[in-house]
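One chain, chain A, appears in both complexes that follow, with chain B as partner in the first and chain C in the second.
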Partner chain A sequence: MNYKRLLAIAALLFPLMVHSESILAIGIYGLLAATLAVSFNLIFGFTGQLSLFHAAAFGISAYTTAILVTRFQWGFWTAILPAIALVAVLAAIVGTICFRFKLREFYFAVVTMAFAELARLIIMNWNDVTNGTLGMTLVAKPSLGGMAIDSSVAWYYLALGLLAVTYLVCAKVVSSWIGRCLEAIRLNDALGESLGINVFAYKLLVFVLGSVLAGLAGSLYGFYTGFIEPNYLSITHSLDIVAMVLLGGIGSLFGPIIGAFVLIALPHVIDLGAEIRIMLYGGILIFVILAMPGGITGIRSRSKHAA
Partner chain B sequence: MSQLVIGQLLNGAIVGTLYAILALAVTLTFGITGIVNFALGAFMMMGGYLTWYAHDSLQMPYAIAVVAAVVAVGVVGLVTDLCLFRFTRNNLVNGLLVSIGLISIIEAGVLIVWTATPKDLAYVLPGVIEAAGISAPKIKLVVFALLLLVILGTYLALTRTWTGRAAFAYAQNSEAAALMGVNTAALESAVMVYSAMLAGLGGALYASLYSLEPTLGSAFILKAVEAAIMAGIGNAIGALAGGVILGITEGVGSIYLPIAFRDAYGLVFLVAILLVKPNGLFGGKS
Partner chain C sequence: MLLEVRNLTKRFGGLIAVNDVSFHVEQGEIVGIFGPNGSGKTTTLSLISGMIKPTSGALLWNGDDITHLKPFQIAHWGVVKTFQNPQLFPELTVLDHMRIACHLHLKRTLGWKRLKSLVINTANADVALDTAKRVDHILELCRLTDVRHELAANLSYGAEKMIGVAMAMMCEPKLLLLDEPASGLGKDEIGNLDAVLKDLRNHGTTMVVIDHKVGFLGNLADRSVVLHHGAKIADGTIEDVLAREEVIAAYLGKKHA
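Here is the complex of A and B:
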């Protein structure tokens, strides 16, 4: 518990101590990736549903926000609302289809992946609106309370705020009675159902909630980098999120944050060619699954048990 | 117009058999061992590159290059089974993720050795056959026939031989199969290796038709999984039908609809089939 509080304080003070723009940028990317990882872990780690729709939720929201701001001159914050509403509706539709038909494990993964790919294909080919494969450039910067968010420090705190909200929401869900229902569903959903748990409703709730949080991260990400492209919705991106969660520790609230930061920072810490990096990425994924099932946070709790 | 349609039908059927051989590999590994091996797409890509390397750089005759590539991919299949997949048997998601890690490693390896520039095999069998105003390259017909032969042969081996029946028994109940004298560990490895070799063969034949790129495996594995699920997992003839249906839909569909949506047909099929007939087009009730 203590080291988490320490890390939280360190995260708050980080921009005051570090003035390097590039390190701050890694911090911002790490925070946004961590938001994705924490929200994904709610669906995968706590409820046992391997959703490959997560990157799609991220990308759909990023695109919707961007289109409303650039083509309809909406303000950033007003544009976010319809964007996440759209993500919520789409996630509810996909979730209803999957859970109504009781698609499990591999089949759930494949169907969510199919919907994510369909979304990517539509965005990639709807040239008039989305600018197709070329992506969209976003020059507008949002402002908050009359203050423009255009410095790295401002973005850092915005991203930190989103991660904090995501973390607290997920922590609240997991520690409440809902969390215990989720655990029952993860371990044996047929048994859970027989005990009167509305498996369909809980799965849907978690899927929509997780996707909406990913959508928020997407909206911010697009405006922070100033560029969005259809690859945001790719399966590869979803799998990157899976890797972050596994590396950090599946089923741990805090683990995915560590996993996200390690995988985001790694290429910057060790300067490697793109191919070697991809190879290393795959190697880490395999190693973690086979040799460290609890991820990085798992090592700590295992050694605690041993002591 | 009708010639265009017939041409696309033919083309679709040929591409479809390429989907089908990979779908067969997917359906065998998943249906019998319970492992979803997405790396089969990467194995296919590897088979293609090795054939190209053996044929164009080592100057081997095409047929020998194909055999060498298939054997090499089989060895890779065996090594990955013994080192990786052996430990993910009882966890589907873990196996899936390990295979995805493996894809990264193989694709990056090919990128390092052979770069991203597309590779074209020197012509193996030039010339076309013309009949009734339709012309088809000879090599395409040979590949088509060869793939059909392998898929049907696999089906016969599965249904008619002791090993094939042992594999079915193992898929249904591994403990009972072991008690009946099936060497389950060897059988599992054999299935993994055979599937890898099927994928390698698909790649080796693909190399004689189209140019090779490191990402071709990822594109093909999705189509193969779609075809395998469409047909019903564990169904060898179904994998053939699923692959061909998918190939033909894409070929004929691209005449009438924007080509951009070619990749969407399989996805729509997949979702529709899983919802309406979860055991696949050719699956029984249960």
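Here is the complex of A and C:
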């Protein structure tokens, strides 16, 4: 049995063995961050597009769901649908602009960052609806099949379910004929285009799909923490996701999950002041980029090749 | 008429790279495009493949206007171009290159079934077998069978160029555009290329081939078009073309003509 299956089983049994609320909370944050990292890696690691719109997709969906539930008394699950539809439409607009103008690498990153900042500023200043910098408190808890999701165990399984769906969707995309097109786009898109691959359409598809998955994570995250604020959409948050992917392994499906858990759990494991913690983060990132460009999973596959 | 190039013109600012060029390609023939460096050969080929858009003029494919289509659409119609400097997917083996190049073949044979294959795991065994056979056949044809598991970027320059031809062949082209396939190749490699192109012709592939010198192409091309300073100065059989004063002048200077 490979280590991924073992980890999946361990993740399933985790709440049965661990009864500490705080450890379970780290688990939930880890699962939601991992969903972000895996969906981001589809855009970044597999298609080569460094999107800094990912946190914005997360935040826009979180806000839309929250606003529909608190101000319009929608149910949580019905509110998610328009929220991710909005994310899909916005991602399609941003993606169309970027990919029509053939923005690559740095330019793509900067333009997506600008759109993310724009979304954050709108949310921060639209006080009547979003409550501005103060953020929104969410008291309502969603329910599923008549059962309220208010315990940590229930949230844990909900987050685990979302990560599983995200992972399976991304795995399916990457291993299918679409994955080969993405590989071609990442490595040499002009050559891919000359071989009949609709580069624009596949880039857009992946950008929208990845953003929608991030949006789902955002909707859950807001209701789990019970609080949302404009910083959810910040560039720092997008860069955190980049760090998770780099740490875990950029070209790997599973790596970003490990990267996300390491970076989420680390501050709790080693109790350090905020400044020192950020320095440690930075140090780890520099070390990873210089010493192990394949990330944590990269080391494993390299040692397998050596054996 | 398979392809008709009608009054094609391309300006880059003040420079006229291609100036009012017209020619046509018939089913099954090999057309050679010659001309000294900077005569607009590569630009002409890029215009046909849609990679750059003409300033004026039209491209007709079986009578349909394809002037404004995107490169991937033109490839889908069956016009596939190779690059002068070998373009590869770094990190991938020769076989991986061929798998990516299967894209159009799978799109044509499977159509909407490709979407179904995303949901249900119905690996279509017949199609997979058929595609694998195709890959083997083309690798054989392009003399790449022995190196199929090698990283493409580690191969010789000649082999890298052959990968370009092999990938283009995977796209099932009705018209193959080869941009200086012989440039930078050694004598053996040119012999190999000549054999490959003859094989392709025997399989009925229509080709437009660029070369800046009238080397091996002379005995391969059914018809030759000569460009100079972006304009067409001759069109006909190789003997006719080489006897023309304008062609001699273009290559050797006026006093030789």
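Convention: the second predicted complex is superposed on the first by the 306 of 307 C-alpha atoms of A that agree within 3 Å, B and C clash if a C-alpha of one lies under 4 Å from a C-alpha of the other, contacts with A are read in each partner's own complex, and residues count from 1 in each chain.
One rule holds in what follows: contacts are C-beta pairs under 8 Å (C-beta built on N, C-alpha and C of every residue); 3 or more make two chains touch, one makes a residue touch a chain.
This one's a predicted model, so the numbers in the text were calculated from it and none came from an experiment.
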Check your understanding: In the superposed model, does chain B or chain C contact more residues of chain A?
Key -> B
Review point. Now for A:190: first (chain B), second (chain C), both, or neither, which partner does it touch?
Key: second
Practice item. Could you tell me if A:180 is touching chain B, chain C, both of them or neither one (first, second, both, neither)? Key: second
Check your understanding: Should A:246 be classified as contacting the first partner (chain B), the second (chain C), both, or neither?
Key -> first
Exercise for review: Look at A:172 in the shared chain and tell me whether it touches chain B only, chain C only, both, or neither; answer first, second, both or neither.
Suggested key: second
Review point. What does chain B use to touch chain A in their complex?
Key: 30, 36, 84, 87-88, 92-94, 96-98, 100-105, 107-109, 111-112, 222, 225, 229, 258, 260-261, 263-264, 267-268, 270-271, 274-275, 278
Revision key, fill the gap. In the complex, chain C touches chain A at residues 49, 51, 70-72, 75-76, 80-81, 83, 87-92, 96, 99-104, 106-107, 114, 117-118, 167-168, 170-171
Review point. In the complex of these two chains, what residues of chain A are touching chain B?
Key: 50, 97, 101, 103, 105-107, 109-111, 114-115, 117-118, 121, 124-125, 239, 242, 246, 275-276, 278-279, 281-286, 289-290
Study note, to complete from the structure: Note: in the complex, chain A contacts chain C through residues 172-173, 176-178, 180-181, 183-184, 187-188, 190-199
